[in-house]
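Presented below is the structure to which this report refers.
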Amino acid sequence: MTETIGPPSQAVAAPPARAGLLDLALKVRELAIGAVLVLMLLATQLYNSAFLSVQGIKDLLLNAAILVLVATGQAVVVITRNVDLSVGSVLGITAFAAGDFLQGGGNPVLAVVIAVALGSAFGLLNGLLVSLGQVPALVVTLGTLYIIRGIDAIWVGSREITASQLPHSFASFGHSGFWAIPWLGVLAALVLVVAAYYLRGYRSGRELYALGSSPEAARLAGVPVRKRLPAAYLLCGALAGLAGALYLARFGNVDSGTGSGYELTVVSAVVVGGVAFTGGSGSVYGAALGALLLTSINSVLPAVGVSSVWVLAIDGILLLLAITVDRLVALRVARVLRKRAAQTRSAHHG
Amino acid sequence: GGTTKKSTDAAGNAAAGSTASANPGAATRTGLTVAFLPKQVNNPYFTIADNGGKKALDALGEKYKEVGTSSGTDTAGQVSYVNTLTQQQVNAIAVSAQDPGALCTALKQAMSNGVKVVTYDSDTNPGCRQVFVSQASAEALGRSEVQLIAKQLNYTGDIAILSAAQTATNQNTWIGYMKDELKKPAYKNMKLVTVAYGNDDAQTSFQQTQGLLQQYPDLKGIISPTTVGIKAAAQYLSGSKYKGKVALTGLGTPNDMRAYVKDGTVAGFELWDPAKLGELAGYAATALASGQITGAQGQTFKAGDLGSFTVGADGVVLLGDPTVFDKSNIDQFDF
Amino acid sequence: MSHSEPDAVPMLALEGVSKSFGAVRALQDVSLRLFAGEAHALAGENGAGKSTLIKTLAGVHRPDAGRVLLDGQDVVFHGPADARDAGVAVIYQEPTLFPDLSVAENIFMGRQPRRSLGRVDHGAVRAATAELFQRLGVDLDPDQPARGLSIADQQLVEIAKALSFDARVLIMDEPTAALTGSEVARLFRVVRSLLARDAAVLFISHRLEEVFELCRRVTTLRDGRWIASEPVAGLTEDDLVRRMVGRDLDELYPKQDTEIGEVALSVRRLTREGVFTDISFDVRAGEIVGLAGLVGAGRSEVARAVFGVDRWDAGEVRVHGRPLTKGAPSVAMAAGVALVPEDRRAQGLVMEMSIERNIGLTGLKATSTAGLMNRRAERDRALDWAVRLQVKFARLADTVGTLSGGNQQKVVLAKWLATGPKVLIVDEPTRGIDVGTKAEVHRLLSSLAAQGVAVLMISSDLPEILGMADRVLVMHEGRITAEIPRAEATEESVMTAATGRERNAA
Amino acid sequence: MAEPVTADLTKAAAPNRPGLGGMVRWDTVVGALLIVLLLCSFSFVDNFGNALNLSFLIGNTLPIALIALPMTMLVVAGEIDLSVGSIAGLSGAVMGALWNHGMAIETIIPLCLVLGVVCGLVNGLLVTRLGLPSLAVTIGTMAAYRGIAQIVLGSDSVTDFPQQYLDFGSGRIAGTFIPYAAVPWAVLAIVAVLVLHATGVGRSLFAIGASEEAAYFVGIRVKRLRLAMFATTGLVSALTGVFWVLHYASARYDNATGLELSVIAAVLLGGIDFDGGRGTLGGAIAGVFLLGTLQNTMSLVNVSAQSQIVVTGVLLVVSVLGPRVGRRIVRARARHRTTSAPEPLPTATA
């Protein structure tokens, strides 16, 4: 700490030049997952030229859309160092609620609203339990996973919603689109961009990161924890609800088992996307890429003719590979960052 | 040395039917408790079947109850339900087994505690139950599905099978007969390219269908002998460019498939009547518990409106032939 | 409590405040008044209740009884946010940063400058941070993540954060504990400029000379009770210590003359790329070697590498002639090395565990027979050392997290001294420890040396180094720049080497 | 390495999730609940108390109880293993495949156990060497191991194991309700309790879970210990797989699917904190048998599967909320008595 520091103008002007070192590091990580994804798709295309046909691309996007939505919501919650395991159950029950409403001749738009509202309600419930009770999110949401699933099973019984009971416009929304771009994909992308922009560009969004990075520091910094946490869960629940409605449109078929076990897929997507369970880091784009990667693997394997017997094992191994690559890249980036920090430090001293 | 498969093979699995003799003339006892234990509760298919069973038992004046796991692959859960029913001393259990072997110990324990055991829809090893009520002969089903799709394809083109889980015993038996049927000269222009497994999960079946179509651009038809699989495949086809170009058939329920039959995605498919299957299981269980049959070959019992049935080899009772559903008749069915 | 206080209405005041944690009565009927333009010191032993008082002022704790007054009006702070909105900025004793966020975001969390539509102006955040750092003379990159900052750098970020508020009241709980003289001087300069703008300042430090340098008035606490509030002028250090401790102070640097024996710790050409280079030195049995340098010079890193916590890229470490494995603290421990780390909360203690178990962690083998723990032996060992170091605790089974900062530090010392080390490395051993106990710790180090222990002492407290060390090594930017024998060691000579203006050794 | 995170005040103030009044520990509460439930079931539920039912109850709970032992230790050390069910499945599948090949069962079982250790080591190496989060790794290996099991055994279902082994798996000690297999379990449980609560290794596990860094600074071999825990978990999972095959007399690739969730729910119920560093094995075991007994009792009194799910969920939520609410009530009462305190504090320190 010598007393020789450049004139103020210089010192102030310097930082923007090497703007967002941290940002850059994060982007590089997302690029790594993106690269794995692109490589995988291209390799498949080389093997099977039908893979990236218009229909093929559309299918890829359609498959990912629903998972992207739920993973986006989940990522927001995970960023706050919490988790919502009940998303699968929420998806199931909202899908049925929307279907039940449509079956009675309801308006499709209203059905989506109902699903989102119901999802939000469950999300809020989770959020309130976690933040007011100050109890571990893992336990609470595992509890609500069971509770919502049970309520769903009791309410639905052995009823099911089938495609024939849905309005044509609604069902066709689930698979149609513009050229290779399905409406579902557009919707998911829209939600994703808005969520990412919010997290990056708004104080309350940044506070979610703060909350996850260190809850205690957040409290001392005056972050309104009791407001932010339920809000994050609300968003997660709402997106699970939206996903439920879209699931109905896409698959046209809902029963009491819909969405069970989905939480694991969602959590995988989020983890693969580099959102750390220790909170405070990662981005929704990462989670979305993770979702895209996971669903693509499931399209790639059948497309290259891998027998379904092998699919599960390859799935798991690819998942491990993805997180390993991501980790190695992260380590690299950290090293580069440290070097650069060291350089700037000695530059200052010099 | 050690204990190997060879050294134990000699012991073998004791055969089914009990040695106690049956009394075909015995009166039907009333007030019996018969429990239905489907693969999965809340599964529409099993609900219909079990309601059929309830109908039969109500008609006979017996007590009906249904218990079961909410997951179709929770074998341990199903075992503990068998245990519970044994504890509760019900007179008979009608069970659709999630696993042919895993339930054996528990079912044998039940039988040794005086509980009669009927399996329906999915069988266990023959030694672990007294009667199996079979929906249709596996052979007839397998062959007729190939015949169905062959007609739709004019006996030419590549086909694939979309099955449920790889371990699903009944699926595998049917697929075996399908392959056998395809060997006949009439099908010389048809080729079975692959068997895919959708694990009876809508999304997986969906993506497997996509994969099939991408991998085999010349694919002309898909057989999916599982209600979940055919439904998912139909939903994918109806929303893709393959609609109407790739034929689809298999086992499905009319309610599930109505939309796809009407919009031309599916020309025809088949299924037995699950309600009748359950009904027959109910009658069989009562007959067992009343001592009218023991499960030995050749014994006969009455099953209300369904008529009279004879126990075949290995304690199997056959329901009859499946119904084929198409545009012309689908509106007459509601299940 | 009215020794010639100004007539003006105090900006922030406590009146008759009490606060208990279960059975522990941390504050009892304490009053305090802060006036505009005045720096007020808060003095007291470890565990006297200083931090608790500050947290009460800041709205972290709510008093069980008593009032908080802002500009003479009763206020109730429902949380830290309320206090912040009322213009109270606080630097807590333990840095509370968001490790995953950049330094700049840490400073402006929740208060980021905004553009249209309420969007955060990231550029402005960065620029404002750079300007703050410049005011404080800190050369940290605003975009650097907070994770990985040394304790001193963390403390500097906390200071920058507090300054960024332009608060009316600035409260600082031991902000200087991890800083060296030049940073402290910078901080004081900035604080004085705030005072000139009529801010009120509350300052805590166990370095009494700082209290005398900065503050006009001082309030003393003892065992949670208010003892006195008085002007600093006219007080001597001894007076203050007597108020705090209730007795006269022993000699602060009781350096014993010892017989210096064989080389116990020998470090040769140790290098860790980008951190330190070509470090060689010896520490002999019975010798206390001071390791001095500015914040970030790499002293802690050397200590960690020697102990095996970090790996090294080249070089060699020997203890009594036997080489140590790199990156294996267990090997170092087996060889009789102990390290009291600089960050007690993260490295020194398992905060959720009890005092007893924390001390026990260094003796898991010693206190078990045939693999099974002997709880009694573990307890006796812990009790012995907790008492010897005068740890203030209610029960040994209390979690260390509930102890005051200084008492936590004592527990860290206790757990390492309990191993009976042959080579003792202490990194800022008296950080946050009150003067009374500091003397006690120094006496302990001294007597350990007399018993033949080799001590390597890292400290940012230069008087401590000068008072205790037989020999002073000075580091600058990862290299040893000087080796100064006790006779020649002065503030001048050490600082010269530490700032790298002269290289006469290594 | 220095992390600017401070311990959460919430935690400091609430060690070990204290029960009512902060005096009763949660694991004691679970134990008491278990006893109350047992007493009620014995007196009011028909058929509960007979030897056959008790042996069913214990036999069906044993797989969960087995895996809960190492899982508790793993969680105490701050890690988690979701692949336990898959390892059990894989070990069962290999057992079936080798049996079909004509290998002697006395050779097969040790091989399966070794395989379990290998699976655990793979998990452990990925976590400790690459620094990947255990949640992500074991989600991956959960799929991979299950997939390999599918490849190994395919659609087979092997049932013809030697009778004396099957008898061991499902029989009980003559004249009692105790299944044979409960005896080795009890031995393992005692060993586990001793290791976790009465040895240096146990202390080290707690320290690692509460603060990895501080544990490393006292010379605890953090990585090695974690690796060992993963290996142990793999071993016990494989053992569970073998037991599963013998108990249900069926080796299939999908044996023990979803077992991980049951184990985790039970362990959570037993008061083990998934942030690591807290909990007791006694609590975990009580949690396992509480859930097992509850399910058994509910089935006996004809509570439907759907309602059972809801009850499990409610129990989980109450298990974390209950102590907190209780403590608040006690505190509020205490405050009421001393009166002098100002208004009840909604934002009290905890």
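Which chain is which? They are A, B, C and D, in the order written, and residues in each are numbered from 1.
Keep this in mind: contacts are C-beta pairs under 8 Å (C-beta built on N, C-alpha and C of every residue); 3 or more make two chains touch, one makes a residue touch a chain.
Protein identities per chain, from UniProt: A = Autoinducer 2 import system permease protein LsrC; C = Sugar ABC transporter ATP-binding protein; D = Autoinducer 2 import system permease protein LsrD.
Please read all numbers here as calculations on a predicted model, not as lab measurements.
> Report the chain whose CA-based centre is farthest from the CA-based centre of subunit C.
If we average the C-alpha coordinates per chain, B ends up farthest from subunit C.
> Look at the interfaces A-B and A-D and say which one is made up of more C-beta pairs in contact.
Between the two chain pairs, A-D has more contacting C-beta pairs.
> Measure off the straight-line distance from the CA centroid of subunit C to the CA centroid of subunit D, and report it in whole Å.
That pair's centroid distance is 42 Å.
> Distance between subunit A and subunit D based on Cα centroids, please, to the nearest Å.
Their C-alpha centroids are separated by 29 Å.
> What positions in subunit D touch 2 or more of the other chains?
4-7, 9, 150, 154, 304-306, 309
> Which positions in subunit B are in touch with at least two other chains?
41-42, 70-71, 166 - these are the residues of subunit B that touch more than one other chain.
> So which bits of subunit C are touching at least two other chains?
In subunit C, residues 60, 79, 96-99, 148 touch at least two other chains, as defined above.
> Would you mind giving me the full set of chain pairs in touch?
A-B, A-C, A-D, B-D, C-D
> Touching residues of subunit D toward subunit A in the complex: what are they?
Interface residues on subunit D, with respect to subunit A: 4-10, 126, 130-133, 135-137, 139-148, 150-151, 154, 261, 264-265, 268, 273-275, 304-317, 319-321, 324-325, 350.
> Touching subunit D in the complex: which residues of subunit C?
21, 60-62, 64-65, 76, 78-79, 94-99, 146-151, 154, 157, 304, 309-310, 329-330, 332-333, 339, 341-343, 345-353, 357, 360-362, 364-365, 368, 371-373, 399, 401-402, 415
> Within their complex, state which residues of subunit C touch subunit A.
Those residues of subunit C that touch subunit A are 60, 79-82, 84-85, 90, 92, 96-102, 105, 109-112, 114, 118-120, 122-123, 126-127, 129-131, 133-134, 137-139, 141-145, 148, 182-183, 186, 274, 294-296, 477, 499-500.
> Within the complex, which stretch of subunit A touches subunit C?
Per the touch definition, subunit A meets subunit C at residues 1-3, 5, 8, 11-12, 14-16, 18-23, 200-203, 206-207, 209-210, 212-214, 216-224, 279-281, 338-339, 341-342, 344-346, 348-349.
> Show me the residue ranges of subunit A that touch subunit B in the complex, using the header's touch definition.
Residue list for subunit A touching subunit B: 48, 50-51, 53, 55-56, 59, 63, 153, 156-160, 162-164, 166, 171-172, 174-176, 251-253, 255-258, 260, 295, 298-299, 301-305, 307-309.
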